[in-house]
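Take a look at the structures below.
Look at the two complexes coming up: chain A is in both, with chain B in one and chain C in the other.
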Partner chain A sequence: MTEELQSFIEKYDLLGCIQCGRCTGGCPVTVRTDLNVRRFVYDTVDEEALEELAKMPEVWDCTACNTCAVRCPKGLKPVEVLIGLRNIMVESGVVQPTVRDALESVFREGNPWDKSRATRNDWMKDLEVKMAEPGEPVENLIFVCCTIAYDPKLQVVAQNLVKLLNKAGVDYGFMDTSETCCSSEVHNLGEEGLFEMMVEDNTELLNEYAAKRLVAISPHCYSVFKNQYPDLKAEVLHYTHLVGEILEDKKLELTRELPEKIVFHDPCFLGKQNNVYDEPRYVLGQIPGAELLEFDRSRERSLCCEGGGGKMWVETESKKERLSETRVKDAKELGATVLAVACPFCVLTLDDSLKAKGFEEEMRVAEILELLGEALD
Partner chain B sequence: MGDLFVLAEHRQGELREITFEMLSKAPEVAKELGGDVVTVLLGSGVDAFAEKLAAYSDKVLYVDDPLFADYNSDKYQKVLAELLKTHKPDVFMVGHTTQGVDMAPALAVELKLPMVTDVMDIHFSDGKLSPVRQYYSGKVNADFGFKGDPPYLLTIREASFEIVEGSKQGAIEKVESPLKEDLDYRRFIEYIEAEVGDVDITQSEILVAVGRGIREDKNMTLIEDLAKAIGADICGSRAATDAGWLPHDRQVGTSGRVVKPKLYIAIGISGAFQHLAGMKGAKTIVAINKDPDAPIFTEADYAIIDDLFKVVPKLTEKITELKG
Partner chain C sequence: MNNKPRIGVYVCHCGINIAKTVEIDPVTEYASQLPNVKVARNYSYMCSDPGQLLIREDIEKEGLNRIVVASCSPRMHELTFRKTLAEAGLNPYFLEMANIREQCSWVHEDVEEATAKARKLVASSVAKARLLEPLEEKEVDVEPATLVIGGGIAGIQAALDIANAGFKVYMVEKTPSVGGTMAQLDKTFPTLDCSACILTPKMVDVASHPNIELMTYSQVEEITGYVGNFEVKVRKKARYIDMEKCTGCGICAEECRLKNRIPSEFDVGVGKRSAVYLPFPQAVPAKYTVDPERCLFLTRGKCGESPKCADACPSQAFDFEQADEMVEFKVGAVIVATGFDVFDASRKPEYGYADYDNVLTALEMERLVSASGPTGGKIVLGKGDEAYTPKDIAFIKCVGSRDESVGNEYCSRGCCMYTAKLAHLVHEKIPDANVRIYYMDVRAFGKGFEEFYDRVRREGVRYIRGNPSEIFKRGDKLVIKVEDTLTAKALEDEVDLVVLAVGLEPRKDVREIIDLLRLSQSGDRFFLEAHPKLAPVDTATDGVYLAGCAQGPKDIPDTVAQAKGAASSALILLSSGKVKVQAQIAIVNEATCRSCGYCVEICPYGAIEMVEANRMGHIVSVARVNEALCKGCGACVAGCFSGSIQQKSFKDAQILPQLAVLGVK
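Right, the complex of A and B next:
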């Protein structure tokens, strides 16, 4: 027992913490919940207290945005301490039914949405999609993401990427229905055993493709492949890297004017987790007629939308204004007509808040690829 | 030819619906078996229950003993094992409920009874009992057959059979409890009601769900009228609860409540993905939305593509009229 708990201290380098409080000071959810991540880093040093700490509801308020880790002067990852506590709950079997169902669905169908694996590529219908074959060289292997593959509203994101790649004439390939959840959210929900299994299986599957680069559409897939799949052979990219490159090399020209005022919301898993700030802005800047605005809180100070960290399956009990609501209000005050994002979860949370605030007439939430689709025609 | 035994389930002073669901199917099964419907009831101070059950049974066998004041699977198992050994029925039906799945497998092991769990229908094939249960998350229904000798034990899924009012006048037989002293290795401590709001939408049979399409708080009366007419509870999308039109415990979605009602009427909900995933288990889904491309229609069984402000009042009117 002691050995296992000592490893908790070692695993998260808890004794390295100087209790400066920069983590909690920057944590975006503190404005609406009691989560105090500094306190958890302090309290989890007490081996005996772990099980009780894991039962605290605030453990599930974290969105894994990574602000705490970005701000930590000692290079610690306080967010992972909370995920470690979630792991204790998952191991004990006491989790919310919504979490249980999502994890079971990943195990059974390879996606957290309880959708059939067989229909994963239904979004490709009526499209000319180049498929990658295991063993055959391909420059860019595209990884779609469960949410984009199944959400009828988000499928257009993948469809537009196909159109764009076909037009640009770049070498690419999609996977058949064996594409399986990257499991970023499995990790964030604390199901370490399932996560390890998925990493092993996915690594084997993805390495069968002789791909030079693995291009993820969702920042969540991008981030986990880049940082938590040590044995992947391909270089990992986000689609804004690839599309930016295509536009820079003039392989494609955006011809149609979009007279919109666009403000870009940095997805945490792209920005704060991986320092990708410039590529999405470069791509948006290539849209003719569009005016780019900036939030006051942007780039590494960007406000989280609360869609990550498994929060699509766990509701925060607080009734205070959601961060996504604050975000759409800020966008409206800036005078934006489009709140652009590059992440499926950001689309879901921000779009809901846009509706809750009744801003549908003045503004819309759009994934960058939706806008590129409009600028292509 | 043997009898059909049915275990009466009760909690907090009320007979549970599953009991009457099983008893509504029971006469058909007993007829095929060529035996009687015998309801088995264990409890304390349950004379009234026995009388009520007699209307659905050829015979009620009941044990009335303070030891059965609260449900305890170990005590149930002891008594039921004795009753099955004495009376040797052909089939024993138990609810596939928290109580039933706690007790039935142990009973099956003790008496070496062939058993099929989570049964949703019962057929007879060439005169042989053939229960039906599902595979692959409900995609396949499989007919089962039994090996070995009866009694055969079945746990029956809730809401599988419609309740038909009973008209029998069965005999009531009080039997001495074979359990002479209390078993103390598993004790009942207290009954804790799950914390829910005023309405637990996960238990609702009919739900009327509202989305941003209703535009303003004051339009909720339209929805309330329809819900009242049809006997439904009201729930909503995250956008609707965030807008403050409904309490947060009425939010349907993967981060809110996952619901599986018999009927789900989605009004002015375009169908955010996390909402769709929270309601797609509903048996019948009706969606009302003026946008034909709204994703809600990918899950709907019936689509009404029109302005909800036109459709909902008409629907309420028609339902009220039909209900007389």
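Right, the complex of A and C next:
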């Protein structure tokens, strides 16, 4: 046990903590759950306590938004302590059935949604999609993301990107059905062993493509490739980098007016975790006729939608208002007609809350690529 | 003297520091058997008086002409023993030290191996000692004047002390007035002295002192030379005002078309000024300056029919044709008192400093509570009809300090106490205000500090332990997202005003001073002192001293104390009138020098120059070392492609035999 303890203390630099409270102070979910991440950093120093601490239900309330790590003045990553505790539970086999199923699905089918691998590229039907071949040079290798590939509500995101790239005439390629979950959420759910395996396999697979750049559509894939895949050869981009570049180089012009009041919600995995704030705003700013609004809580002070950190498979038991509900209320108060996002999970959580609040009449949630599709026609 | 080496070896126990790990007697016995060694002894502390006496007596009685001391690092006691030799009439450079402490006993555990290594080290020192040559120590005169860079409280105090001791001081201040940050403060902790009241008399003294030549709105452009003999070039920037004629009446500023349009540096943007301005009412000198970047006439060549300021000046002091003036002078010492920058709060975007008008920095709050500030000391936010007095006020400590995410790991030392002071002043001015201070630790270490902290708490200022993480807006209120870490409760505290206790940072233009004086920085990017404990105001460059926050964050008492220390160090140099220069310098063999000039490039002290020399009728360019500038670092010796440079006491002929004993071929 002593060795394990040392690794926990050392792995998470627990002794570097000065208990200032910025982590819990910044944690977005404290307004609706009992999670106090500072206390976990404090308490996990005690080896005896680890197993009991891992059993506490609030360990699963964390959305892995990373605010605690960004704010920590001593360079600690409190979020990783919670993921370490989740790992203890996963190792002991005591996890919710939804979590177990998602992990098994990643292992078997390469996606967490219990879908067959064979149908991964069904969204491409009737589209002219350029496919990348291993070994053949390609400028931009596009990584779709499981959620976008399978969710009928989100497939339009990938489809619009294809249309846009075709029109712009840039060199790109998609992968065949061997594209496999980036496993960002596998890490966040605490399945360290599976995550390491997926990183190894995916690195090998992706490096087979002679791609200069790997362009992820989801910020979750983007972030994990960028920060947790040390051996990837290609430069990692988010699609807003690429689309921003295309628009800036005038390879494509958005012609159709969209007379909307658009407010952009910063996805945590794009903004707080990777400091990508300007590109999505630049892209939205190119849409003719659109007026851009800003949340008071935007950019570095943006509010999490509660979609990350494995929360797609773990429900938080709280009667208090969801953060996504707070967010759509704020958007409505601003007078926005479109709540724009650049992340599949944000689409799902915010759209649910918009419907729960009954705001469908005056407002909609849209992925940036949905809007670009409309402005292209 | 007979040149045949007669060597004495002295092995030190250093209490148990050496003797615990190295067997002293066998080493001494071994040394006594080495060729040319006439005497070998050991003693508990060679550096003590009796220890040194042993050496002196042996030199006299045994006729020793080379001494080897096997003890600590030469950094510690080389000078001590050189003096011992000199006292016994021996050239002090006939000394060689074998470091058997730092490089032997302290780093080893095995007694047998450590003893064997000590033997080798002693033998190698003896090998070199045989080949040592006498060196001559030269002295140069010291120019009896000091340059003080920076006119804040540190520079002011240092300048006054030196001037009062009867020596000339040149003070160079970048801004139009002396006074520095202290002039911007309202009250000072913990005594609540009015900052301006205690500072302005000193500012006036600096300007009127017969021994001080004050150059404001000026910058040091170049410093060459060496300790005792620095040549300084200063640029006195054009003020576009004749200093002789200006009476400081201020009519020009009243007439300026940009009156109240330009953010005042002194009021950190809380107040506004004209394009021709006096930084603050008590400014010294009380002379106006035209801001060349703002003045309409200077930037566009036109300001109405003619500039109203110049027209209105009753003493015709305006001169828009004025040019910068270069001044050159010589000094013996330099004091760097360039101060600090306040941390830029927009680098912590989570606190919304750039987004909200009611998030202020502490320095802005100082101007707001100051009677000489833009609101006359009233704490009012908003303008005109929307003006209001904040009731719920929160201070956030450690903004930009103790924070790796912004690259500042250090504590800024003053914020805990200035926060307590500002909270006290707020409480005094708005008695029904709810004032809370969010903190992670309270560091009240100075004289009277803890007592002041006690007083402020009992006045009703609430201390809540937790460092806020985010600020956003809800209606008219600011919401502070923070955890009360003592109750483990996450709070959303709604307030009217947030004051950020910003830390201190090195000046953004710190590089300029580094380049001028070849100074080093410590890990925190402030200037590095020669030794953190025993030489806190000295630098690696002889004759250059540090004072105030340029060396690290400090409060006013510590700044003044350090300034007096720097003045004292400079005075030691000036009053002795002479300075010894390094004897173990590099010398160039001009007959073999290949004129490549590489040594000139690598010399960190600028001590080598290329000169013309006559080589058998041909004029060639050769390297020559300035003996006064050379520090004996050896970089040129190692770098010379033709082996034409040798360093005295470290010549190849001396150190190669030394290395050979250690087994290096």
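One rule holds for everything that comes next: the second predicted complex is superposed on the first by the 377 of 377 C-alpha atoms of A that agree within 3 Å, B and C clash if a C-alpha of one lies under 4 Å from a C-alpha of the other, contacts with A are read in each partner's own complex, and residues count from 1 in each chain.
In the analysis below, a contact is a pair of C-beta atoms (placed from the backbone, for glycine too) under 8 Å apart; a residue touches a chain by one contact, two chains touch by 3 or more.
Being a predicted model, the structure only gives us computed values, none of them experimental.
Overlaying the two complexes via chain A leaves chain B and chain C side by side, clear of any clash.
After overlaying the two complexes on the shared chain, residue contacts for A:G358 are found with chain B alone; chain C is out of touch.
Taking the C-alpha centre of chain A as the vertex, the lines to the centres of chain B and chain C open to an angle of 140 degrees, rounded to the nearest 10.
By the touch criterion defined above, A:V31 reaches chain C but does not reach chain B. By the touch criterion defined above, A:G135 reaches neither chain B nor chain C. In the superposed model, A:Q19 makes contact with chain C only, not with chain B. Of the two partner chains placed by superposition, only chain B is touched by A:T98; chain C is not. By the touch criterion defined above, A:R297 lies against chain C but remains apart from chain B after alignment on the C-alpha atoms of chain A.
When the two structures are aligned on the shared chain, A:P230 is found in touch with neither chain B nor chain C. Nearest C-alpha atoms belonging to chain B and chain C sit 24 Å apart in the superposition, given in whole angstrom.
Contact residues on chain B toward chain A in their complex (touch as defined above): 137, 211-212, 215, 237-240, 242-243, 248, 251, 254-256, 258, 270-274, 277, 280, 295, 298. Within the complex formed with chain C, the chain A residues making contact are 18-27, 30-31, 36, 38-39, 67, 70-75, 296-297, 299-301.
Touching chain B in their complex are the following residues of chain A: 97-98, 101-102, 108, 113-114, 147, 150-154, 311-315, 319, 322, 325, 348, 351-353, 355-358, 360.
Chain C contributes residues 349-350, 352, 355, 398, 402-405, 440-441, 465-473, 481-485, 488, 490, 492 to its touches with chain A in the complex.
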